[in-house]
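Each of the next two complexes has subunit A plus one more chain, namely subunit B in the first and subunit C in the second.
Here is the complex of A and B:
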C-alpha cells in the first residue's frame, strides 16, 4: 500500500505535521508548552484508539504504560545517564513487554470484565512503583538541572524534547493508519464487531488482540519518558493518575473512536477547551463544571464523536475523514 | 526688534519649562508595577491549603501597596500586583501556565504552586527563563538538590520536620535512647522520616523500628504490636486521616512511651476531637499564631527584624478574612512576600542578578521565624534559618485539650510534658 496516495491519511498527518511546524517556526515558549500538552494527549489518545477503537476493548489502564514506560525511561536518563531519545525508546520497549505480560492475563476477558481488570492493573502498578526502591520508591526520581546541559541548556532541551514528541506523535499516526488499512486491521475490526464469528472466519483473535495491545502500549512509554524529562521529576502519583486515563478515553470518544482523525480532533478540542476555560476571566473558577457540561452534551447528542458526525452528515467527505 | 523680543520670550519660556521638568519632583516619581506570577490549586485535592496561601500573599500585596509601595533609591516606586491561574493541582498544567506567566504576562517574580511536586515542575521553568521563584507550601529537600540557583525556600525542609522533637526529647528525657518510627509511604512522609532517622542517629539515638504503611491504611494494629518494649519515643505518621487513626490506636493499645511525635495532624485544631488520646502528643508546624517571635528576641540573637509582629499579622489577617485564624499556609504565603520585599529593598532594583545576590545574603527574623538560605551549589536556596515550632496537646484548666507551643524556646508558650502512664 502506498501510504502517500491514501486520501484518509493526509488530513490527520498534515494537521499534526503543520501544527508542530508552526510552533517550530514561531519559536515562542508559551506556544510550545501549549502545543506540548496538546500533542501529548493526541499521542496518548491515538495510541489508545489502536486498541479501543479498532478492537472495541475499552482500556482504563492506558496510563499504566505512560507511567511505567515513562518511569523506566526516566530511570535510564537520571540514573544511567542515557540520552533522552534512547531512554524514550527503552521506555517504549518496556511498555510493550509489559503489555505482552499483562495482555496474556487480561485479554482473555471481554467487555466490562476487561475494563474492570484494567482499572486494577493501574492500582497494582502504582503500588508496585511506590515500593520499588530502584525507582525511588514513594519519593520518585529527579534529574539535576545540569542534565539539560548536554542538549545546550534547559531552553534548548525543552525544544529538543518538543521535537521528539512531535516525531513520536507523527509516528503514532502513521502506525495507526497502517494498522487500520492492513489485513491485521481488518481482523481487529472483525473482532470488534463479533469476536466469536471472527474466530470462526479464521481471525487469530488472541494473537491479533495481543499485537494490538503491544503496539498501543509502545507509544505511551515513549511519551511518558519525554514528559517526565521535561518536568524534571517523576512520582508515583503523577505517573498513574487514573483521571488522566479517563480523560484520554473521553478524548477518543469526543473525536470518534476507530477513526484516525477522531482522537486527534478529540484531544485537540478537549485540551483547548480546558486551556481556554482555565485562563479565561469569566470561566476560570467554573472551568471543570463548564467542560463537564459541554462533554455531556456532545456525548449525549453526538455519540459517534465530532468526526463520526461529519462522516454521517457529509458522505462525500468519508474518504478524507478516516 | 519686536520679533527678537518675542523669540527671546519664547526661548525663556521653553527654558523655564525644561528647567522645571528636569528638577526632581517627588510627586512625579516613576511608578512601576511588579507582577508576581503563580498558579494555585483553586480546585483539586490541595485547594484548602493553597487558598490560604494566596490569602496570605494577597494580604502582603495589599499592605505593601497601601504603604505606598517599595521605594527604590532612584525614586522609582514599585507597586505589587498578582497574576495567577488555577493549576487544578495537576503537574501537566503547571509548566504550561508558568511559561505563560513569564512570556505572556511578563511576571517579574514567581511564587511556587502549593506542594513539592508542583513546585518542582515550576522550578524547571523558572530557572530556564531566569526568573526568581520563592517556593511557598513546598518542603521537599530534593527540590534544592537539582542544581537550581534562582529558587528559594520559605518552609523548613521536610527532613527537619521532626528534628525539633528529637531535640525536645533530649531535653525532656535525657536517658531516652530508643525510637520507633512508623510512617506513611508517600514522598513527603518518607522524606521527613528519612531525615528524622538520620538526625536521631546523629544525636546518638537508636532507631529500633522503621516501618512504612500504605496511604489509606486504617488498621495499625500489626505495626503497633511490632513496637519493641521499652521504646522511649514513637515518631512518624503521614497526613491527617491516617495520623489521627494511628494516634487513637496507640492510645487504645496503651503503648507506653515517653513521647509520641507525629507529622501534619497534631497542629490541626480538629486533632483535639481525639480527646484523651491526643493529650501529650507532639507535632510540628511551620508556624502557629501562638508563636512568640519578637523584635526583642531577634535583637538578642543579633539578627535583624523585618515586617509585622505576630500579633499584627494575626489581627490584620482576621480583619481581612473574617474570623478564620491564619494557618501556617497563610503565614507562608505572607512570608514569601516579605522575603522578596526585603531582597528588592536591599538590591534597590528588580534585576534578577541583584535580587538573587540580596536573597543569598538575606538573614532576618520575621513574624514567621528566621529566614536564611543555603548558598552552596549543592543545595542552593534550601531554607536554613527557619525552625519548626513543636506543639504539644495538653489539658487546660477545664481539662479540655489545649495546643501549647513547647519548642524552640524563642517560640514556646509553655513547658513540654512526658507522656502520662496509659
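Here is the complex of A and C:
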C-alpha cells in the first residue's frame, strides 16, 4: 500500500510531523517540554487505541507497559550503559513480552471482566517494582550525569530524546494506520463487534487479539524509556500512575476510539483542558474526578468522540477523518 | 461424503440436547433439517462448526475429523454458516461485513480481492445497493441476506443455513428462496434448518428430522412427509401439522 496516497493517513501524520518540526525550528526549551508531553500522550493514546478502539478491549492498565518497559529501558541506560535508543527498544520488547504473558491470563476475559482485571494488573506491577531491588525498590533509579556525555551533554541529550520521541510517535501513527487498513485490522474490528461471530467466520480471535495486545504494548515501553531518561530518574509512584492510565483512556474516547485521528485530537484537547483546570483553584485537587467526569460525559453524549462526531455530521469528510 | 456426523450427543447440564445423532451428507446435495422448536437443530449446527464440542461422537468433514476444533479452524476448512439470530457486525459497513467472510474463510483473500468478492456476493443476494451503509441500518430481511452473503463470500464447500426464511414476509420468502435456488445451482452443498415446510420440501434432496435431540426420520421429501413418526412429532404443534399435511 502506498501510504502517501491515502487520504485517511495524511491529516494524522502531518499533525504529528508538524508539531515536532515547529519545536525543532523554534528551539525553545519550554516549548519542547510542552510538546514532549503532548507527543508522549499522542503515542500512548494511539497505541492504546489499537487494543481498545480497534479490538474493543478496554484496557485500564496501559500505563503498566509505560512503567515496566520504561523501568527496564531506564535500567539498561543507567545500570548497563546502553545508548538510549537501544535501551528504548529493549523497553518496548520487554513490554511486548509482558503483554504476551499478561494476555494469556486476561485476554480470555471479555467486556467488564477484562477491564477490571487490567486495573488489578496496574496495582500488581507497582507492588512488584516497589519491592524489586535491581530496580532500586521504592526509591527507584537515577541516571549518572555522565550518561548524557555521549549525546554532547545534558542539554543536547534532551533535544536528542525529543527527536527520538517524535520519531517513535510517527511510527505509532504509521503502524496504527497499516493495522487499520490490513486484513488483520479487519479481523480485529470483527472481534470488536462480535467475537463469537468473528470466530465462526474464520477469525483466529485468540491469536489476533494477542497480536493486537503485543503491538499496543510495544510503544509505551519505548515512550516510557525516553520519558524517564529525559527526567533523569524513575520511581514506582511516577511509573504506575493509575491517574495517567485513565487520562490516556479519556483521550482516546475524547477524540474518537477506533479512528487514527481520534487519539491525536483527544491528546491535544485533553492537554488544553488540563492547562485550564490546573490553573483553576477548584479543579486543581480534583484531577482524577475531573477525568472521570469527562469520560462519563463523552460516553453518555458523544460516544464516537470529537472526530467521530465530525464524521457523522459531515459524511463528505469521512475519507480524511479515518 | 462431505459431512459425516457419527453418534453425536450433546448435554447441557441435565438437558440432553442431542442423542446419538448419525447422518451423512453427499457433495452437491441440499439436505433439510427439520423438527419442532427446541429439538436441538441449532445445537447440532453449533457442534458441527465448532462453537462447542459434542459430549460424545465425531464430526468428519471432507474425510477429516474436525470434532472439537475451534470454530475458526472449521471455517478455514470450508464450512460457513448463516445464523438463525442474525449477528451483523454493526459498526462495519455491509461490504466490510462480507469481506470478513472472504478474508478469513476458506480462500483467505487479501483485503482488495475480498472487496470484489464481497460485491459479487452482495449482488447475488440483492444487497449491493446497501454496500456502503452500516450493517446496523439494515432491516431484518436485509440482515438475513447479509448473513447469507457473508457465508457465500467465504466460498465454502458446505453451507449451514439456520432458518434464513424465519421472520420474513411472504414476498421476502419468495425472493430468498429464489436466491437459495441459484446458490444451489452453483453447486454448493447445503445443510439447511427450516420451519417453512413448503420451502424445505421443494428445495431439498434429502430431509432429516430431529425430535427431542434424536433423529427420528430421514429420506427424500416424499418419504419424510408420509412418515407417521414425523407427523406425530409435529402433533404438539397444530400449525406445523397442518402445514405438513397440506404438502
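By definition in this document, the second predicted complex is superposed on the first by the 296 of 322 C-alpha atoms of A that agree within 3 Å, B and C clash if a C-alpha of one lies under 4 Å from a C-alpha of the other, contacts with A are read in each partner's own complex, and residues count from 1 in each chain.
Just so it is clear, a contact is a pair of C-beta atoms (placed from the backbone, for glycine too) under 8 Å apart; a residue touches a chain by one contact, two chains touch by 3 or more.
Quantities reported herein were computed from a predicted structural model and do not represent experimental measurements.
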| item | value |
| --- | --- |
| Touching partner for A:200 - first (subunit B), second (subunit C), both, neither | second |
| Which of subunit B and subunit C A:81 touches, first, second, both or neither | neither |
| First, second, both or neither for A:192, with subunit B first and subunit C second | second |
| Subunit B versus subunit C as contact partner of A:182, first or second or both or neither | second |
| Touched partner set for A:237, first subunit B, second subunit C, both or neither | first |
| Interface residues, subunit B side, partner subunit A - complex | 42-43, 85-86, 88, 90-93, 95-97, 99-100, 102-104, 117, 120-121, 123-124, 127-129, 142, 145-148, 185-187, 189-191, 212, 214 |
| Parts of subunit A lying in touch with subunit B, wherever the complex brings them together | 28-30, 32-34, 36-37, 40, 127, 130-131, 137-140, 142-146, 148, 153-155, 158, 227, 230-233, 235, 237-238, 241, 244, 275, 278-279, 284-285, 287-288 |
| In the complex with subunit C, residue positions of subunit A that touch it | 181-183, 186-187, 189-190, 192-194, 196-206, 258 |
| List of subunit C residues in touch with subunit A within their complex | 49, 51, 70-72, 75-76, 80-81, 83, 87, 89-92, 96, 99-101, 103-106, 108, 110-111, 114, 150, 154 |
